Structure formats: structure tokens, C-alpha cells
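One chain, subunit A, links the two complexes that follow: it is found with subunit B in the first and with subunit C in the second.
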Partner chain A sequence: MTLRAVIASLIGAGVLVFTITGVVAQSPTERAIDDADLKSGYDFQSEDTRALQDDDFANPGFLWVDKGAALFSEKAGKNDRACTTCHTDTVRSIKGAAARYPSVDEKTGQLINIEQRINLCRERHQQAEPLSYESEDLLAMTAYVAHQSRGQPFNAKTDGTAQSHFEAGRDYYYARKGQMNLACHHCHEWNWGQMLRGDRLSQGHGNGYPAYRFEWQTIGSLHRRLRNCDKGVRAEPLPFGAQEYVDLELYLAWRASRLTLETPSVRR
Partner chain B sequence: MRCLGKGMRLLGRSYWCVAILAGLTAPLEGADLLPYDIVEDSIPNSLTGAAGDAAAGRAAFIDRDRGHCLLCHSVSSIEDPFHGTIGPDLSAIGSSLTAGQLRFRVVDQTRLSADTVMPAYYRVKGLRQVDPPFQGKPILTAQEVEDVVAYLASLKEAPE
Partner chain C sequence: MTVRLSVPQSAKRGDVIEIKTLISHQMESGFRRDAFGEVIPRDILKEFRCVYDGQTVFRAELFPAISANPFITFHTVATVSGELEFVWTDQNGVVTRETASIEVT
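Right, the complex of A and B next:
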């Protein structure tokens, strides 16, 4: 699809309303990419990469999922409890949980992602130290928990106490930034399918994370990917776990809505 | 300052409204950048007062740390397996745009169409969250802009 065709169809659909400052105001019930055109990053990978993701025995991401499964049943912290002490298949199951994240934690009122939920459980329920972002253990645990929602569509709450976070995430999404002065939608809404030098641009969905990337030679979190995209336009990347990125994650979950989780995905 | 970039684009690349407004405000982009005058959709005079060097411009056009124009554009005479497809092919751009028009597009395409995806290469104002190593600096120096313009102007249609 050409840029102009996209713009024309957007305006035709009445989806976008531009304010004088050029910031996009968008109703939270309509998405810029039609459901029929919604594509996972998976669809933009080579046949070999897709085959690798599809094969649970060959998919390198399963090294982390398996490690996460082991950690999940290992006791930790002063309370000498494992995650499995409280979360089993029948009691407080974590199946499908990741599809509802980011989510507002009732006790603190904060919007948190899966990594932060895992760390909250460690601190709150195990009296263990939180794991640092991008550490092997947190990546493994996150990959394991997210994998328990594989095949489910995102279903995060965007109204009520989550609404202001949703709006902040949307604003970050549409804000130009960096020395190159580009916003997320310039690449992922107006130009998906096009080549950015050697990369075929996807729609920029977060449904496969943590993802194994050949470029990284390891698995990485969604925040690592977001930092890469910010750095790509010479914008100052935000710290791992930054509230702005968690808010953005909520917006991404909403715009990906009908796509199902794929963790662990494999990407170029 | 901005006209309806998108609407204007739909009406067929009619950039004049923004260009004229920009001309009226006599742009002076940041203390360290050289001033320039816009006439319609072009910056007729060299930023440095001297002509650029096309060979140096070709290098800056390709270099990942400077122009990196292949990110979005293709040029058939550059042998590289990866060319971008976001912007138009520039293989013969010197046949369709004058040096002044090329200069304006490299300096600040957003003055032509507010919603453009093409970065402004000679601008430091009105940007946010710029990574500290790049703060206060344009992507290309005035000399590099002139070199790139000379290179683009040399890209002509092959004779029949």
C-alpha cells in the first residue's frame, strides 16, 4: 500500500483528526489499521525464520521458556515459597494473564507490565529481591509467563483507571522525536511492508515478546525493542521499565488487539 | 505556520502555501546554523557560498553516520544490495529538480509538507527527546548539504 493510499483511506474512514500542532487525536474505539489488514511481525519474516518459530523444538526462545518453567517452581526469598506455591493450573492460574497486561495493580494504582508483575510477586509474596530488567532470569520468567497466553488475543483494559495511561501511550506513539524527527506511525502505520534499507517494516506489534532476535543473538524484552526504535531515530532511549514505555505497551496491546500472543517469537 | 500538509499533499503536492509562509519568516535556524532564503520551493543560494563536491556528496549520501539516504531511497547507480522504498527513487532526480529545489528538500522537507517522513538535515530547532550526542547539531553540516546537493544534481537521466 502506498503512503498516499493509506492516508486517503484513513481520512476516508474519518479515523484521524489533526489538531493544529500536528498531534493526532484519535478515538480509542477506532484503530488506524483495519482489522482485515492487521499483521503480526511474523508475517514479515522469511520462510526460514517462520519455520523456526513454528517448531517448538528448534525455536531458540524455548531455552528461556524452559528455564522460566524451572524457576517458576523453584523456592526463592525469605518466605521460602515458589511461584507454584500460589499459582497452579487450578488455583490462581497464570494462563491467559499476559494477554491482559499491562494492567493496573489494585494495591498501588500503578499500570504495570508482566515483568513488573513478576517482580511485585517476588517482593510482595516471596520477600525476594526484584530481578533486574533484561537479566537472564527475568527474561526467562517473562517468556514462560507470556508463553502461557500463546494463541490468545490481547485483552488489556484501556478504560477506567487505565485510561490516562492509554492516552499517554497513544501520545508517545504519535509524537515526532529524535534528531530524525520521526514518530512510530511514520514507519509502522504509513510504511509497513516497505523497505527501510535492509529491513522490511512490520506494523510494529508487541505480540511476540520477549522475542528471540538474530540481530541480538538472544531473547530480548519489548522495552529493548522500543529502545532500539527510539535510538534508530536518534532519540534518547528511555530506561528499561520506564512508565512511558509501559503506557506505550498498553497502547500497542490495544492497537494489536485481534492478533494473538506468539511468545516466544523469532525475529530477524 | 503550518498549512494542512496532508490535505495539500492529497491535492497533488501543492506545497506553496507552506513555502511562502516559511519565506516570509526569514528562517534563521539556531545560532550556529547558517541563514538561508527560501524562494517558492527552493533555496537558490549555496549555504556556504561555494559549490559542493559531488564525489564527497555521494559518500555523505551513503554513509550510515551522515546522510544514510539509502535508508529510504534507491539510486540505481549505487551498488548496494539494500535500498529503501519509503521515499521516491532518486536515480535521475537531477533531471527533474533544480539545485535550489534539491537544497530545500535536503535542508528541511517539513517546510514543504508538514507531515513528511523525510528528516530535515539542516535544522536543530523544534526537535524533542534528541539523544544527547546529537543535541544542537544538524544531521549534515552546511558543507555536507552542499556536497549532497551537488551529487543529487549530477544524477541525470541516461541519454537515449
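Right, the complex of A and C next:
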């Protein structure tokens, strides 16, 4: 069956599908995709695209990683401090930090992603203005920080103070939306491996972000990708940095299970 | 502008060496329109050259159809120790310059 036919029958069988999603959404401890079948978005890219990601020189995402590394040791803000003033290889190292995000900030009790952590450090510890989401500088810093976790699996906390966020993220994941009335799992759990127009549908993991995407001709954040998926089903995309997306990120981190971070990845 | 260069640190005289360059640039083609239907003005790099031992050993002209963040790779012959200079010039004549040194024995 083609994907279009699957989607048409999904829309036709709305009641049945609703029942099925209800069942799936009840189980936070079981992943819908078996560990043995888990695949990164990388596995769904063409050979050329994979080769570009594998080449740490030619991969254009490294332009932002390099820029981020430079910004990381540049002084900013009223306190005249650089990130390196507080974060070195041995003191408060950021190695592996991105793999633990999104995470609850102890001072505010809010679930924040890595972009928001970087901005919090700017405001709190450098007395600098936060960088706007999707600005070149925030993309560069995020790419640099996330790259310091390349090769590590996500291990974000989903219990305790994070649990309600995890559940909200899961609910978002399984909620139908938009004119097409589709939820994330209709594409990324039921139809991965199938073609959708020019794309081979992946399992929709966030382990490669920020990612260099040919369609964008630049690097983009996970929220940009999520906005694209929401627009794809003709739903109103949420603003960059929306709490719903951060909660969703936590659910995505959990469902990615043992997949490791790839930042900067290359995507079509 | 962020630039990445890959030049061997050392080589034997007469060796053919591979050089790789990557530069951040949007290469806006001038053919796209924004959400209001207005043409987004063209903004591209026009020329790339590599100067080694006083000579241009490689030169390329760039056009609107070239993707963002141009990746250019080429080969040259190692002749003398010294600097290789890489120069990108955009459509308004703005120049980005980077150098790398090589030891030739």
C-alpha cells in the first residue's frame, strides 16, 4: 500500500485509529519501536548524504561547530566572562551535557532544552542578552555544545520533576492535528521506510540536531524541523522555543533509546 | 565568514597535494522570492583563488546555481615552503582571506 493510500485509509478509519492511539499513549515505559529496529535518520539518507555527514571536513555543519567553538571562548556581557571562564575540560565540562537535555533547571523548576540552557548561562552568568532562537550565533553555540556529546546516547531524566513534561510530550506526539488530522506516529512509527514525496520517512528521532539540511541550505534547530512537520500536516506550527516543543523533545529523547547523538548531521 | 581549510602540513618537493576549502556563505541566487512576493536580492561569491609562491595555482568563477557554503577541492604541486593564500571575492568586491603554511622538503 502506498503511503497516500495508508493516510487516506487512516482518515477514513478515524474511529478505529483513535482507539489504537489511545492504547499506545497509555504506556510510558514501552517504546513503540523495538530496540532491534531502531534507526537513526542517517540510515534513511542517500549514500552521498551519508558520505557528507561522515566527512568531518566537508560536512558543512562543522562551519557552525567551528564558529560555536570560537564564540565559546569569547567574552560577552556585563561580567566580561567567556563560557570558558567557567566551563573547561576539567571544570564543569560540557562534554556529554547535551545528551542529558532537555532537563529541569533547578533554580526555576522549568524544563529547558540545550538552546535555553545556553541562553540561561548568558543571562545568569554573563549578564548578556539571550540570543534569539534560530540566530546564527545560537545555532553555532548549540551545534558546538551538542557536538561535545557526539557518540553518546540520550539519558535525559524522565521521572521526578520531569515526569509531567514527559507525559505532555508523549501526548503531543500521539495527538492528531492539522487539516490532515495526523499525529507524529502515523508517519514515524507506522510508516518509516516508506516514501513520502521526495523523502524516505525516518523514525523521526532528534539525535542529529542542529542538522545541516540541503532544503534549508543551512543548519537548523530541532524546533525548525518540528515546525516543518507540523506545517506538513497543515497544523499551525508553534513558536520556536515553545514549552510544548521542549516537552516533546524530552519524549523524543526517550524514544530514541540507545541511538547516539550525531550533531552535526546532514539531511536532505 | 567562517572558513575551513585542509592543507597538508608538509610534503616532498614535486608531490601532488590535495587542498580542500569550505566557506560559509548563503549564495542567495537572486531568483527566489520572499513571503511577500518580493525578489530576494542576489548575494553570491563571484571568485575563488589560491595563490602559492606568488602564483595563482587555482582559480574558480562562481555563479548563482552554486549551493550555499561552497566546498572547493583541488590539487597542486608542492614547490616551496611557505604560505598558501586563499581569497574569496563576493559580487560587491568584498574579500575574505585565509592562509595556511606548508613545509616542503
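The rule we apply is simple: the second predicted complex is superposed on the first by the 244 of 268 C-alpha atoms of A that agree within 3 Å, B and C clash if a C-alpha of one lies under 4 Å from a C-alpha of the other, contacts with A are read in each partner's own complex, and residues count from 1 in each chain.
Criterion: a contact is a pair of C-beta atoms (placed from the backbone, for glycine too) under 8 Å apart; a residue touches a chain by one contact, two chains touch by 3 or more.
Treat the numbers as computed from the prediction; the structure is a model and nothing was measured.
Undergrad: Any idea whether subunit B or subunit C touches more of subunit A?
TA: Residues of subunit A touched, subunit B against subunit C: more for B.
Undergrad: Is A:Asp66 touching the first partner subunit B, the second partner subunit C, both, or neither of them?
TA: Touch status of A:Asp66: second partner only.
Undergrad: Pick one for A:Gln217: touches subunit B only (first), subunit C only (second), both, or neither.
TA: After superposing on A, A:Gln217 lies in contact with subunit C but is clear of subunit B.
Undergrad: Going by the contact rule set out at the top, does A:Gly178 touch subunit B (first), subunit C (second), both, or neither?
TA: So A:Gly178 only meets subunit B here.
Undergrad: Given the touch rule stated above, what does A:Phe57 touch, subunit B (first), subunit C (second), both, or neither?
TA: second
Undergrad: Now for A:Thr90: first (subunit B), second (subunit C), both, or neither, which partner does it touch?
TA: Neither: A:Thr90 stays clear of subunit B and subunit C.
Undergrad: Tell me the contact category for A:Thr108 with respect to subunit B and subunit C: first, second, both or neither.
TA: neither
Undergrad: Shared contact residues on subunit A, subunit B side and subunit C side combined as an intersection?
TA: none
Undergrad: Provide the residue numbers of subunit A that touch subunit B in the complex, in ascending order.
TA: 3-4, 7-8, 11, 18, 20, 22, 175-182, 186, 190-191, 194-198, 230-231, 234-237
Undergrad: Where on subunit C is subunit A touching in the complex?
TA: Contact set of subunit C toward subunit A: 2, 4, 6, 20, 22-24, 26-27, 67-69, 71.
Undergrad: Touching residues of subunit B toward subunit A in the complex: what are they?
TA: Touching subunit A: residues 2, 4-6, 9-10, 68, 70-72, 81-86, 110, 114-115, 117, 119-120, 127-132, 134, 137, 139 of subunit B.
Undergrad: Taking the touch rule as given, give the residues of subunit A at its contact with subunit C in the complex, in rising order.
TA: Subunit A residues touching subunit C: 57-58, 60, 62-64, 66-67, 214, 217-218.
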